[in-house]
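Shown next, in structure tokens, is the structure this report addresses.
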Amino acid sequence: MFDLSSMMQYLPAFLEGFIMTAKVSIISIGFSFILGMIIALMRISTHKILKYFALAYVDMFRNIPFIVLIFFSYYGLPEIGIYIDAFWTGVLTLSLAVGAYTAETLRAGIESIDKGIIEAAKSFGLSPFKIFIKIIMPIALTVSVRPLGSVFINLILTTSILSAITLNELTGVSKVIASTTFRPFEVYVFLVFFYGLLTFLLSGLFNLWHLRLNKYNEAG
Amino acid sequence: MYGSEGFSIYDIILWAQGLGVSVGVFILSMTLGLLLGVAIGLIRYYQIAFLGKTLMMISEFLKNSPIIVQLFLVYFGIPAVTGIDMTPIEAAVWTLSANTAAFIAVIIISSISSIEPRQLEAARSFALSEFVILRKIIFPQAFSVSIPLLVGLAINQLQVTSLISVIGVYDLTRVGDIVNQRTFEPFIVWPIIGATYFILAKLLAHLGTRLERRFSQHKIMSEL
Amino acid sequence: MIEIKNLYKDFGELNVLKGINLSIHEGEVVSIIGGSGSGKSTMIRCINGLEKITSGTLTVDGFDVTKPSELLEARKKCATVFQQFDLYPHLNVVDNITLAPINVLGLSKAEAQIKAMELLDSMAMSDRATFYPSQLSGGQKQRAGICRALAMNPRYLLLDEITSSLDPEMTAEVLEILKLLVKRGITMICVTHEIDFAREISDRIVFLDEGTILKDMDKQSFFNDDGGLMEPRIAKFLTKMATI
């Protein structure tokens, strides 16, 4: 009943799907991180308009399901003359949506920083940019690595929804394999295990990174 | 391409139907998920051999794989090996219930383990039965700890219901897709669908904070 | 010279500094004392440009701290040691000390590190160079804080109650170091509750009371019966401090 051997021939296709998932994920993680940083900074700025814009942004993207967003982009963008393929539609929408979560995570990290430390740096004449790069970001990251890790793992799981706009990533490819082999059970069980293992490995990596970044406050 | 036919009054009925299906599936799967999740949590807590570990293992995979794949597995995979046919709605409810249960089990276990073990030892030393301990000591405390976590989970699972459209359930998202294909008005259709989810999420969050507040008041009262 | 003229600072409705006039010359050691909430920290923060002044002028060697274009120059001349240490928690002691010299003064990493090691050595801290702040005792943290300030080669060292988070033993340890610095001729503006210490090291004492300077005189006259002690509020403050 549970027959994996006959499916070996589909391994290359599966691998291609995996590479597609990896590509979408990595690019989107990069973009959503940068975007999240900008939104987080807007969110904590004293400028009223920036602040409320960021707040509305986060609120909107966290409360609308991703599949609705992706359909909006996929059908909407061509209507306004923007012709990009499923890959870039996916990357764009994923980055925008996950940026909201990244922003909240980074904001929590930034707000946890003792104000005195930043003032000390200011008093020594460090520029705002240097303070951000050398002090705020490193400390915020040590606080946020783990929550950031779950945000990014969620991003990877969310790429599966891109199969709904015809992107041939892991899930999309598996759908094809399932219907050509008539073995949906084996294919999807395998897929569940595959994603599960992937997230398990990644969360392990983020834990290690957390330990590395936090070595400075081990001793009390 | 297909002609764009414009909107009709029936689209409102479609929308309302989709809304009903989404909310219905949400409520049903949250309820079933809660029952199932509590059961799994307790089985794990009382370390019922083998079963507890196996269930938690399955929970881990449910938590760490895409819901879409889980929906495909249940809707296409299970009938293929068992021969039992399922309607899309049935598959959707079972999948989301199991998925919700996986998260709830973890919430239950962490809430129970937040209770001071000394309290339980004290209770056991008075020869209270495990059932009484569970009902009178563990449950009330674990409940108050888990409320905010459960509210957060509910808000998340509401969004997850939008995915059942991929196995053909006529939920809000599917209705959006149908109307969008017919009218070719993505800039009207999807904002309306998005706004509906947004409002539902806000309502749920509002209910959640009321629940939390009511519960913390209850806690303060009982402390007096 | 740090020159403060007619300085006012409000926090909304609250007037914290009400017309401060104060000049501090190079080579002077000035202690600023006064009751809690009298505005001492606020004044130091104004000199740093950490608080926006409401009115008046404040210049450091002619650089106006209220002008964004001159603030950096003013900040390069002053270095502050903070009550709560405020060391960068993610950097070890050496990196704490070298961060500003490298990024503000433009020293090379090697130069900055050599300088940092010299400073640490002079404070018997060289064995703690690669420790993180969380691994240091309070006294060690504050010595690192002093090194961090001195590494900027400041013309003025600003100290805001730098021993009040320390226990007596560590306080003594840090005060010893300050005495050494004074002997070397550094200009120091020192907010302190350690009256004996102020009496020992200062050239001048400034007594701040509810946002105004009640007395600004040289040490000898300040502690004389016909000097600062004539002022009942000062006498009261000093007796209070003495009984603690």
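Points to keep in mind about this one:
To keep things simple, chains are lettered A, B and C as they appear, and every chain counts its residues starting from 1.
The criterion applied here is as follows: contacts are C-beta pairs under 8 Å (C-beta built on N, C-alpha and C of every residue); 3 or more make two chains touch, one makes a residue touch a chain.
Computed from a predicted structure; not experimentally measured.
If you draw each protein chain as a dot and join the dots that touch, you get a simple line with two loose ends.
Highest C-beta contact pair count among chain pairs: A-B.
Among the chains in view, A has its Cα centre nearest the centre of the complete protein Cα set. Our note on geometry: subunit A versus subunit C, Cα centroid distance of 46 Å, whole angstroms.
Separation between the centroids of subunit B and subunit C, computed from CA atoms only, is 58 Å. Separation between the centroids of subunit A and subunit B, computed from CA atoms only, is 22 Å. For subunit C, residues touching at least two other chains: there are none. Those residues of subunit A that touch subunit B in the shared complex are 1, 60, 63-69, 71-72, 75-76, 79, 153, 157-158, 160-161, 163-164, 171, 174-175, 178, 182-189, 191-193, 195-196, 199-200.
Across the complex, subunit A meets subunit C through its residues 114, 116-117, 119-127, 130, 134-135, 138-139, 142, 213, 215-220. The touching residues of subunit B, counted against subunit A in their complex, run 60-61, 64-66, 68-70, 72-73, 76-78, 80-81, 155, 159-160, 162-163, 165-166, 173, 176-177, 180, 184, 186-187, 190-191, 193-194, 197-198, 201-202. For subunit C in complex with subunit A, the touching residues are 45, 48-50, 72, 75-76, 78-80, 82, 84, 86-92, 99-100, 103-104, 132-135, 148, 152.
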